[in-house]
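In what comes next, chain A is part of two complexes: it sits with chain B in the first one and with chain C in the second one.
Then we have the complex of A and B:
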């Protein structure tokens, strides 16, 4: 049988819990500003800090991942860029992240959304991101998006790169195979082959490998799709 | 001519790096298993807290205190969860242990499996150790990129035998990464042996590496 605590004990407990409540409330209310302040501490200019802080808060309110934005701020400060360029870059990235998140669906990982934003920067349309998500609704798209981005950077058209990568994903290509493909295309380009021709040749070769794999497992043979361009 | 020069360079690097002994993958597996066991054996602190709170609430006290306790705990828990979800994912730092792979004709930077014998938990991290080599003059060289938050001082490169070659091994997640070399803390240089990464935002030279998952 437990004894009823005295009035002094109850008062001490009430004071303790009150302090706990006050501390918790203060931390909740000040948590995000503290994070923003810390992340922006390298930015010397006060006006730029305020503008960046507003961009970050706006992004957070819209459910945009903040880590890529903080990364862009750090990149700009490390490269000793003028404050207005850092602000412009962070604003532009926030817009691309929002588009990427919308195209890839909100349940996507931060890395996927960031990879989608990189793809958008280089000229891959948001519709391509949606197409890739349709093929891999539950698998991470970080690597396929990176591959498409690199292929477009090499000079392959966005439509060609997206279509072939999508077909390879549908045919069972793994992340390792897709990344390996882009590496080989880069080697071919260095050797003097035109980007588009190198990619087409390597993609056909990849279809051949996937077809052979499927033949081994008894699946129906793949037909190499016609070139999309 | 350029090909001959590159071959000579590759041979020099191969010669320098060849004596490095490969680590025993089984030893790595043992270390990782020990870490996993230690983690599993750690006392579960939340259980202690739950027990204390349960004891506190089970005692007769003023209702105000009980409500305060529940509210405070909810706030603290909410804050903790909020911090968890908003924190950027940290790249786990794993030591590179296996032998160097053959150098590619494309350049001196070679992705390789970080750990060939791993526990399933560590395997899920899918981190790959990547070697970066820079050739040039300078008193200090560092590697910067999206993988180290562009911190100029966080990944210094080691000079090889007081020569023009500098190297560093970095654990990286598979996918596309942008990087650059910073010489003497201020001169940014791209990797001549890798695809370039146009920097429309800040106009500094950079390169791209596609890290292949294992």
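Then we have the complex of A and C:
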């Protein structure tokens, strides 16, 4: 026959459980504000903290990843940027993250969405993100988007960069090959070559390599050789 | 003048490749050979045709580049002209945008029929100081020349200034030059006379050039104007154009035609010429500004190569089989404070260690896209040299780092 707890024991357990629940509830109720507060603790200006908190909460409500926003806040405080610039930058980033998420589809990773937002910042249109997603529907686009961003930063037009990177991806280029291409383009630009000319030349070489690889493995070759814009 | 030869100077743009690509070796070499035919017409000489051959060897180090060139022209009349030259570029310490360029050349004219007669030699020294960023730059320069032979001696000098800017495939440059020369033969052949006794001829030049570079071809157009100053009377102008077709990775075909004003410092006469040549380049990389080298422009310091970034790279990637590290090496005084921050460490500023005349750090980087910035003594954050720059949205810039 099991022992039946006495009234005192039940009362103590109830109090204990109540305290436990209350603490947990408190933690749940204050989890988001506590995290926001921690990220913003370096922002000295109270008004800016409040504005940034609102931006972050709105982003979370819309399903936008918060890590890039917190990263931008940390970057702004580390660089001791003026409060209004930090707010504007975070707000603009939130907008770009939303656009990037929509263009890359909701199953994208945080890094991928952030890479898309960076590409949008430098002038790559959302349609370009969608095009790359169509080529690699299941593979992460973090590196290809980073390469497109780099190329546009060098001076290659967004349309040219997107078109060639997409074609290279369709031809089986790996992330390492795309990153290597960008590196060689940079060295050519340093030597005095116009960005678009350097990129087109390197892209052609890359197509040649990919064609040779495909021929070796018996895969189908490119039907149409690449042409400059 | 016994010689009717105009030298088509194959002038390799000094590469001034003053920082290495992140993963490649910092030293580069190249060799360019050119073989072609030309036709030249001068005011007092019958039109002549001839063959030209040139060789240019160039080398690039971390903060210095140099090239040597040799050009040889032989006309149907048996005249021979040759030029040997050296030019170099050097980065200016601690001034990112500054580059010093210097060149010297020895030009010789003569005739095969009688090598001992009708031989002239011109020695030239030119120097330029550049200030430039990725897509624009300015420069000031000076030059001197000494001519001997053809029963006379002459001296010349110039001062110049100019600017250039590029947008996508186009590069435009504008320059102004003031020159003097005692070579009366050169100037009178070009139609300039002294209205009163004077020690030298003085002229003012202006030049405009536009170049387009694509993966298939480079095209240029250049126009020059000249007017006499002081006792020197006369004026002239010259228009030239050319194109280079990149037929293959190492081969290109160049054509150019037009007029050239008398080159004051190098002693080259005013002329009209056309040329067609084939160029072979040892390095498979795309020919840079040198691909639009205009054989009509007898300038050692021709294009003043555009450089995206000068000075040794401050940031390089070290890639091994299982990891990638960002190596930073910043030139700063030992008591300076150099910090780095980036997305790879949540933007927590990290102070670099002092290493002689550098501040350095080696940071392991995970795969992905990263942003990095550095600052010195609490100053403005900037992208380290060697990485492409991108706006940070905060009014500054970051370096971009992609690790596959």
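One rule holds for everything that comes next: the second predicted complex is superposed on the first by the 209 of 229 C-alpha atoms of A that agree within 3 Å, B and C clash if a C-alpha of one lies under 4 Å from a C-alpha of the other, contacts with A are read in each partner's own complex, and residues count from 1 in each chain.
The definition used in the following text is that a contact is a pair of C-beta atoms (placed from the backbone, for glycine too) under 8 Å apart; a residue touches a chain by one contact, two chains touch by 3 or more.
Computed from a predicted model, the values in this text were never measured in an experiment.
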Overlay on chain A: chain C relative to chain B, clash or fit: clash
Partner chain in contact with A:155 - chain B first, chain C second, else both or neither: second
Touched partner set for A:143, first chain B, second chain C, both or neither: both
Chain B versus chain C as contact partner of A:74, first or second or both or neither: both
First (chain B), second (chain C), both or neither touched by A:66: first
Partner chain in contact with A:204 - chain B first, chain C second, else both or neither: second
Touched partner set for A:175, first chain B, second chain C, both or neither: both
Touching partner for A:196 - first (chain B), second (chain C), both, neither: second
Partner chain(s) touched by A:110 [first = chain B, second = chain C, both, neither]: first
Part of chain C, among the options 4-12, 40-48, 58-66 or 166-174, whose backbone runs into chain B after overlay: 58-66
Touching both chain B and chain C, residues of chain A: 71-72, 74-76, 78-79, 81, 85-86, 88-89, 92, 111, 115, 118, 121, 142-143, 146-147, 149-150, 153-154, 174-176, 179, 182-183, 186-187, 190
Chain C - residues contacting chain A, complex: 13, 15, 17-24, 134-135, 166, 168-169, 171, 213-216, 246, 249, 284-290, 303, 305-309, 341, 343, 346-349, 368-369, 371, 373, 381, 388-396, 400, 402-404
Residues on chain B engaged by chain A in the complex (per definition of touch): 56, 59-62, 64-65, 68-69, 71-72, 75-76, 78-79, 82-83, 86, 88-89, 105-106, 144, 146, 149-152, 173-176, 188, 195, 197-204, 208, 210-214
Complex interface listing, chain A residues touching chain B: 2, 4-5, 10, 13-14, 17-18, 20-21, 23-25, 27-28, 31-32, 35, 66-67, 70-72, 74-76, 78-79, 81, 85-86, 88-89, 92, 110-111, 115, 118, 121, 142-143, 146-147, 149-150, 153-154, 174-176, 179-180, 182-183, 186-187, 190
Chain C-facing residues of chain A, complex: 71-72, 74-79, 81, 85-86, 88-89, 92-93, 111, 114-115, 118, 121-122, 142-143, 145-147, 149-150, 153-155, 157, 174-176, 178-179, 182-184, 186-198, 200-202, 204-205, 228
